[in-house]
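Both complexes below contain subunit A, partnered by subunit B and then by subunit C.
Then we have the complex of A and B:
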């Protein structure tokens, strides 16, 4: 075991291998407030990558309703229960996780604390859809904060973790993290199907294929990312909740990197179960309407502030503008800027990929179009 | 999602729009009230008559010139076809206006519209009682829908992804002019374009009759140049004139959309009236909230009032609830020659009885005494739109909570199945567990179909069975089932019995049902509302600025109220695999009202501690 720095925990932790950060790290921000659970992302991925034999049950991308949705069944609940006390010390300048991670609480002889789902746990991938916490028996009405009855949608892919548990668990070293972009892959030639990765990944995002006898997982559509195009589940997202890019460490954060801005500078997007200790790289803007007791358990102690910041987008043109860039281009926008009413997504070389207006413009056309000699009407 | 498809929604909409008007919210960006209704996209292309009404006796063959439309057809509402070709008769009085129902149905030919037959309300009445009287049913489809199961002729046509003839559309809720370009994608099956089906039938008619005009009418289809028809529509539509189709097509190939040039973007209905003082499409040209027509006075709806739903209510159905008012003088049942206490389904549609709320609250739905307890709603769902079915396994496993690609439970008709959302307390009272199979029985008077009592074989197909899901988000007494599921057919039941895998898949057609028996349309029926069938209401025409009176399809005609019923629910089989024990998620303690201790801690966020 090595000692590595996990900034999400505010401390060092133990990991099977020494710290070796990639040149750049694939990362993403998902805005849970905009997801409608249409599952278009799930299908975009499934039809692209997992329509083969042995892959029938696999959803590299899935969307589940929280709190009652799970794919596989009880995936996070089981591990939270196994992990025990998950305490955060918030008395200092920034929160420090004082509980133990899945690496630190690994049973003797094992590399991580994990569990392996049974075959049947992958059934009912949309269980819990739209089920709310609390029961609406009648006489209910909606209020701004749905303390009485709430649910939200959690879209999930592999987190391409900085400290992948799948990688750490593999006794053959078949899983590797690409130094050039941090994408985590299973070497299909080396894998012998021991499924230690399936057991080890707390997010249950590695899947065993009984036809090939090997394990497989989300590849962050690396052939697309390599050419500067966002993955399938991003570009097909109906709610425009997603943005893919590359994330720096907090000390190297750049204002003009969209992900750095949201994660490090505004701190409006938070990791999924940071307490597991993997430094996962998909960041979530937490739902604003859910009791923070639940969302803090899932996204860590920054939830309250993140929601406050998110709500301030109404008066924060930079934040609002950047959120408006989500889903505006297929291309990976590694840089961004706002000048006045225009928000721009750019690539590393400063080429403009897309311009988006800060506010959706209203066009009012003349009632009579002289050029084409026709009336323009809202009730044609 | 269908809130405009309830029996009382004309009243409801008049009320809410009146509120918007009184508060100055009509015609302003961010104002207005509306629910999505896809039908109204047709009107967005008011140049459509160029194509659908081209005069068949005066056909324009020059691609650069416009057609000279002259309509030789009149529309007919499908709701009478869906009502065994009967108008609404209450007592001795016909309450369907003369403009509404010109003739009975002889044949049907429709394209990609499963709701006309397979997914029609009161489906089993339609197929067992109405269809035998129809001479021909033809369907253009790209998947084998329930409609295909009941059709005489099925034409396999291209899906949207395979279109070789371009097309275009628009939506009432977004600003885009959407062009489907010719696709380079190869056809998966041996299909042809939808439009070619018609042109080929026409060329056969030309051959049989020797009349060349049958061919001329489809000239630009035959020449693979439907762009001509599309351009004519563009040139003659208020908000698309000025567009060139080939330019739009080139852009569409690159994924670049075009805007509809409506008066405002985003489109904001009422802007023209408010800003330019153009008249509304009413008799007076103003927004009218009092209805002075005799039919409305007779119905007690001259003032905006509340009507209880026609079936989905715990109270006496379809009563008007209003305090006494001198203007409210409806014709009661006796005026129509009916008995006051006659609540049979037909009579109920035209029953105008006014109660105060104090009186109304003491009433009950006539079926309550027989153990009926549940309002049953069938709105639309995110995983299947309108008539679009759920027949690919990848989509199906995400359709609701019962998807299981490996079908561990061999009772499942498919890799997913129909289910009803029920309040957990209600279910518990009935001894129904989360995930159990249940029977859902509607009003036995005429559902699932008239005469079911003496038709055991068809009743076995039509009686609704599905899974029950504990759904904490629904109030007590209110249940919900989604609208988009393939119904059980004699063939699907045969498959379930004969096939080794037990799939409810027709061995002869490969039709795949999502129910072991019945459908969400086992409980619904066609309800006809008199105020939707008047001859006197002044309303907008389908295309352009003209106004007219009486029937106009999708503008002034019944909705049939396809989303409501009042039902009895009873347990059929346990939810565990092959009928043994509990449905697995219940067993694991992760379901509402069946939470394990760990799940309770999870919900309360107790796994995290803060200092």
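Then we have the complex of A and C:
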């Protein structure tokens, strides 16, 4: 194993291959507070990429209701249990992970600590989603077995990790990370369907296709990204919770890069289970209403501050402005700026892709329409 | 003294005949001996195998690369070989109570392979998949491919009888008028097939020809001409693998051969396998 730097852990770690960062890294920020689990992203992906034979059960993009929604079943709980309790040292300027990653915990004979879902684990995507647990006297109500009055929606795609466990797990090098944009792909010509990647990926975002005998995964819609257009699950998101782009390492962060600004400068968006050690590149603005005792396990030790920062958007015009750019253009906005009340998304060459107002204008329509001489009522 | 010797000879002859007639009680040979036969067969039950000497090869864990098995499974593979001069056939038999031929997530297939050096040389390649510059050639049989060749449909319903599929885009009605466009569309939704991945069906034979120059280098060999057929026995599998006689193999020039077996129910796939070391392969 090689020693590589994982900035999300604040330390070096062991990985199967030496550190080889791409020229630029595909990355994304998802705002969990805006997701309504409409599954439009899921269907956009499904109809585009996984309509073939053997792909029936695959959801490269899925949205699950936390804490008890999963796809596949218990994908996170199983590995957390295998990994055991781990600690962060939060006494310094940056948190440092004191525990073991899935690479450092690999048992004898294995490359990573992992497990394989069974067929039926995929059969109930988001089991129990928003369901009432049963009839309750006095009318319908939500009975949550975790005895906490909260849940939230977690949209998930492949994290196109800096240190992919799928790639490390493949004994024949059939998975590669593109040097030009960091997108992780399974070579469909080379894969022999050993399912080692399925076992190794802690996020369970590689899927075995029994009809082709190969494993398949999210490709970050690379044909679109290559032409400067965001992936299907991003541009079809009606809640405008997502922004795709490219992320620099913390020491190279640029204020005018939207993702750098959110991840490195404002630290409002956090990686999913950073303790696994993969340096995942989809970042989440954590839900503000969920106890941090839960979300800090999922998003790492920065959750409290991230929520505080997110709440400050009401008085932080830059942060509010940038969040307003989410879903405003199908183009990849690699640069941004705010001048006064206008927020602008730009490409690498400085071309303006979109302008949005800092605050959406609000128009209150009178109940009586004089032109048509009708009275309209606004829906509650 | 002559009578005693005669009696001993009769005893040995009787024991050999008993061994042959009882199948598994045959006395195994230390080498794989390819016996001359008038014809080559894919049928493991063909009478041509009856008097062919059997080699019992002990299987050991693949222990060179991760990921690997940590617990041994299949203990032994029993091998017979026949040749008609042009073709050589190997009959492999091993115990395996579970038949694993339905692919699915976390489901692995029963399989077996025969490995030979591509060139007969004084020093054989490393037995575990060869080495750089010392290529090995492999004939690989798999149980699910056998099921497809035996008639199982190339449809998801064949794997999951209760599966419900509304519609595949490549089955859209307008495409019925243009079979070529339909075929192209189907390929688009099956990238591995579109790329000609030899792992991806549909299949015409249950065997794949491969070459390798060390672990992780396994590559399809389109020039290979292996074939095969596997059947279930009372307690496992019996398969026949056929291929051209290795170049240079003759009555005076032996070569090396190695075997591997994958037990699907034990999660064996790829490098997680039971294998043998090199064994001599002789022409008889």
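In this section, the second predicted complex is superposed on the first by the 343 of 380 C-alpha atoms of A that agree within 3 Å, B and C clash if a C-alpha of one lies under 4 Å from a C-alpha of the other, contacts with A are read in each partner's own complex, and residues count from 1 in each chain.
Everything below uses one rule, namely that a contact is a pair of C-beta atoms (placed from the backbone, for glycine too) under 8 Å apart; a residue touches a chain by one contact, two chains touch by 3 or more.
Worth saying up front: this structure is predicted, and the values here are computed from it rather than measured.
Contacts of A:169 after superposition on the shared chain: subunit C is touched, whereas subunit B is not. In the superposed pair of complexes, A:93 makes contact with neither subunit B nor subunit C. Residue contacts after overlaying the shared chain place A:349 against neither subunit B nor subunit C.
Once chain A of one complex is fitted onto chain A of the other, the partner contacts of A:74 are limited to subunit B, with no touch recorded for subunit C. In the superposition on chain A, the chain among subunit B and subunit C reaching more residues of subunit A is B. In the overlay built on the shared chain, the residue A:56 is in contact with subunit B and with subunit C.
Look at A:125: by the touch rule set out above, it reaches subunit B but stays clear of subunit C. Within the superposed three-chain model, A:251 lies out of touch with both subunit B and subunit C [touch as defined at top]. Residues common to the contacts of subunit A with subunit B and with subunit C across the two structures: 51, 56, 119.
Per the touch definition, subunit C reaches subunit A in the complex via residues 65-70, 103-108, 154-156, 159, 163, 165, 168-170, 186, 189-197, 199-201, 215-218, 269-271. Here subunit A touches subunit B in the complex through residues 36-39, 42-43, 46-47, 51, 56-57, 67-68, 70, 73-74, 76-77, 80-81, 83, 85-91, 98-99, 119-120, 123-140, 149, 151, 275, 291-297, 301, 360, 362-365, 367, 369, 371-372, 374-380, going by the rule given at the top. Per the touch definition, subunit B reaches subunit A in the complex via residues 29, 43-46, 237-239, 241-242, 259, 261-272, 275-276, 281, 382-383, 393-395, 397-406, 408, 423-425, 470-477, 540, 543-545, 584-585, 588, 590-593, 598-599, 601-611. Within the complex formed with subunit C, the residues of subunit A that make contact are 51-56, 108-111, 116-119, 121-122, 169, 171-173, 188-196, 198, 207-214, 216.
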